[in-house]
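Since the structure comes first, as structure tokens, the remarks are kept for the end.
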Amino acid sequence: MLELSTLFSLIREMETPTLIALLHGPDQPGLVARVAGWIFERGGNILHADQHRDTEAGIFFQRVEWEPKDGDDSTDTAAFYTYAAALGMNARVLSSAQRARVALFVSKADHCFHDIVLRWKEGELHCDLVAVVSNHPDLKGIALGYGLPFHHIPVTAETRPAAEARQLALLQGLDIDLVVLARYMQVLSAEFLQKFRRPVINIHHSFLPAFAGGRPYHQAHARGVKLIGATAHYATRDLDEGPIIHQDVARVTHRHGVNDLVRKGRDLEKTVLAQAVRWHLEGRVLVYGNKTVVFD
Amino acid sequence: MLELSTLFSLIREMETPTLIALLHGPDQPGLVARVAGWIFERGGNILHADQHRDTEAGIFFQRVEWEPKDGDDSTDTAAFYTYAAALGMNARVLSSAQRARVALFVSKADHCFHDIVLRWKEGELHCDLVAVVSNHPDLKGIALGYGLPFHHIPVTAETRPAAEARQLALLQGLDIDLVVLARYMQVLSAEFLQKFRRPVINIHHSFLPAFAGGRPYHQAHARGVKLIGATAHYATRDLDEGPIIHQDVARVTHRHGVNDLVRKGRDLEKTVLAQAVRWHLEGRVLVYGNKTVVFD
Amino acid sequence: MLELSTLFSLIREMETPTLIALLHGPDQPGLVARVAGWIFERGGNILHADQHRDTEAGIFFQRVEWEPKDGDDSTDTAAFYTYAAALGMNARVLSSAQRARVALFVSKADHCFHDIVLRWKEGELHCDLVAVVSNHPDLKGIALGYGLPFHHIPVTAETRPAAEARQLALLQGLDIDLVVLARYMQVLSAEFLQKFRRPVINIHHSFLPAFAGGRPYHQAHARGVKLIGATAHYATRDLDEGPIIHQDVARVTHRHGVNDLVRKGRDLEKTVLAQAVRWHLEGRVLVYGNKTVVFD
Amino acid sequence: MLELSTLFSLIREMETPTLIALLHGPDQPGLVARVAGWIFERGGNILHADQHRDTEAGIFFQRVEWEPKDGDDSTDTAAFYTYAAALGMNARVLSSAQRARVALFVSKADHCFHDIVLRWKEGELHCDLVAVVSNHPDLKGIALGYGLPFHHIPVTAETRPAAEARQLALLQGLDIDLVVLARYMQVLSAEFLQKFRRPVINIHHSFLPAFAGGRPYHQAHARGVKLIGATAHYATRDLDEGPIIHQDVARVTHRHGVNDLVRKGRDLEKTVLAQAVRWHLEGRVLVYGNKTVVFD
């Protein structure tokens, strides 16, 4: 049976491809006009354009989406990188004809795993899920049931360097563009992140910066807070300190024990992670410094 | 004592004025580039630009904000209207150097009245509050305490046409740009709206389209809904049917009687109305058909 | 492999059973004391007790949960019914030792189906899922994959009476306590509901009473609302008019087309339906007239 | 002109007074039945009763509201304290016939001040506002305009002990039951709190425990969070560490500068503080350890 996600993919490929550029750099007059003019002169048609200025920092941010002339996305992509460099801007260009290759990292908890996979099958996530990686074998059956390759790479304190080397080799061999940590309970080392060099999205089960570190629901319960949260962020070498993509909260009362917080937290984790991944895949998230600009 | 709102006004006037254009019309290739190019060629600097396409209806929407060269807002305003017409687009241009003249219509309830006036004094609303109009004398003391002129124009079923004529003469004499119905419990006739020809924002105390008409909190209580709402919309000849600008809801339970719904509703009405008025004054609301595009 | 839901079930059965009584009837002095005294005198221990008075209607509502002496839930259950009748109160008594037998009705959309089943496997729903019933064969594979019996009963305008008779026979043969319409796109007839005589929970994909009837997301989009909603309610003979159990909303903007509303709606439908079913199974929902009291 | 708040007060005094008891202590079987039985035997009628058990800590919590026989609230109050002590429970009993005497502490910001006073005039807060205390003279005119006595007590690092002594003398002379810090920008010393011995409610302009300390909106902006919050809590000797009564959040994006966060924060601060004060005045907040149980 044809997966809905594959069907959507086919439909997209039949459509004219669109290009999405994320730009940022020193602000200067006329940037909007220049970029729009460049696209127009090459026969492209702008579908969406969204700008932001950080007036304090003097930085210009833009997301622009356009249909290139004759659907020639690769020529325009290369030319745009050159043009952006001439403007002194950082750029990242995505083509709708290219689907990001994604690896899911999981441990034992399966709620984010099911949620991401089901949304992907529903066509909500424009990507290819090409690998499930876990330090435990527990979710192997589910992964295979979904038709997803499952890679069991155990990790202990002693074997971490070797395990990370195996993970890296796997990711590079599969040409993975994005790693999603779907409640993967291990910390990725700074070395791993530096060598992988591509984005890693993590879901932290609290409203960061509150309750960083372990057992955040226990911390929240002990402090008696009235709201619990979840935070999706890019993983960086400083645990729980990476650029925040999305956050949400849910109300709790004295009636909720730690178990209820965990249950309510699962719902938050699912929706916050899925939203962050979707925004990332749609080229809506621009990172600068330790913050994000989300063009939603 | 100098009002904060006056101070903000003075500061703004010392700043370079900015222009905000709201555009909409038939979609065509190159619109973003053309508008940006037009501004750039005249020496202007685009601060924000936000576009939207209704692909089904084939309509293009844009909000663009720029600093005109040498702060000359009036020349650019006139020229932009001409340019937009040449593009076949509807346009509305606002200058930050011009403050909208606003009249508040009230009856007896004072919560939205206090809320709007206090936000205005805080500098949140870029306008001049030049008149308070009421069909009851109850809020006269408060209005005068705030230093606002109060106009008591009683309305009964028999005197409505004459009362509306007095209201119109007052609004036109004061050159009012916007009427805010801050829990004014009377319906404005289609004739009034047609003659006034400028926007009127109303706050309806329910989640429209549910519970249109009178006593919506009683209706909500009788139906046993679990959320109550408030809706800010432009007034049109069809009561409760005008373009919606903003809506919000609050959770209620069986423990809440009608009085509690009314109390919770007051908070919703205040925040929803204030937000709608602020968006309108900042040139963020574009009306087309019976809907709005809010560039927030 | 032992399902988590089965494990939770076993743990619960090893625990002392608790009884939950939902009471309502004419208010009278001393009801709280009488009920509490009755339980105490029989050696029971009240764990939770929550009361509500509708002072206008003069009705008293109570949810009380207790551990019966020596874990003898069946004797206390029978005795409580007698006692409540003597007080002139309507009562419904649930024992934690009894798991409700639930049938899921589905059509083609699978998001609520996956969501309910996965929560059940996670142990969030205290029930036995004993049947999946559908008018289409599409979800058969998924149901069987979850280890759930799947019953395909096609329904057309002509065959509806016969199809409903088959459904009824199935439900009665399986002694089903609760039917959950998880985006089952057919209307159940008044005759069906009258004969089944047990609760049926439906998820309606709008903020009722707004946008009742078909294609509510299209209606919402056409009206230009800024929030969309979902409503879980008990099915009654009047479509979309049954007692509301739970509602929630999500914010939408002009950027969201009908497809986005559908996608956002799926998330609402999942969480609203699951919450309503969970409250029902925990004996937290009391129906009176056309409204509910939810003791959350 | 008769204030609405005075009118509500008169109406309440004509009504039968009700008593509210907040109880907590070691859990033991039969507590609900005993308390209900005690009230019933004395001819009282329970209007509401809400219980909670912290099963881990083995603590029982209850809020019970009843009409005493013949409206005799003072006899029942005294008797209930004796009864609760015999049960080994801590108790606090409030009579609706007694209105709490409240002092508002303010500095220069007026948004929470206006909000609390206007809600009080609307009849939302069952108390007497008997004093406004400030370390700055700025809000004197507004306070007097509302008919509220204004006490200017300047505070500097050197004069703090003397200033706090003056504050204490004032509060004790006025028999103040509750101090509300409505954006009072000074820290109250541990000595002050120890000597005052009555509750002090503070509004902190962040989602505690994140961004404790000064300039929280700047901290939030620097960290790039996607939600900002406000927290109402009882003041304790450990700044920002007291028991949390209420919290709420608002969504922010990269488009919001620090000033926008401040503006959005004002709305949060108003509603969160007002809700916390209202719950406190209605006897809905029970403090134990460093947490609260809110019977809402």
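Here are a few things to note about the model shown:
For clarity, chains are labelled A, B, C and D in written order, and residue numbers in each chain start from 1.
We adopt the following convention: a residue touches a chain if its C-beta (ideal position, glycine included) is under 8 Å from a C-beta of that chain, and two chains touch if they have at least 3 such contacts.
Since the model is a prediction, treat every value here as computed from it, not as a measurement.
Chain pairs A-D and C-D differ in how many C-beta pairs are in contact, and the one with more is A-D. Listed options B-D, A-B or B-C contain a single repeat of the A-C interface, assigned here to B-D, on the basis that more than half of the contact pairs agree by residue number.
Look at where the CA atoms of chain A average out and do the same for chain D: the two points lie 43 Å apart. Centre-to-centre spacing of chain C and chain D amounts to 38 Å, using the average Cα coordinate of each chain. For chain A, the set of residues touching two or more other chains reads 52. Chain C makes touch with chain A in their complex at residues 1, 111, 114, 118, 122, 124, 145, 263, 266-267, 271. Partner chain D is touched in their complex by these residues of chain A: 52, 54-56, 61, 207-211, 223-227, 229, 243-249, 253-255, 257, 290-294, 296. Every residue of chain C that touches chain D in the complex is listed here, in rising order: 29-34, 36-37, 39-40, 45-53.
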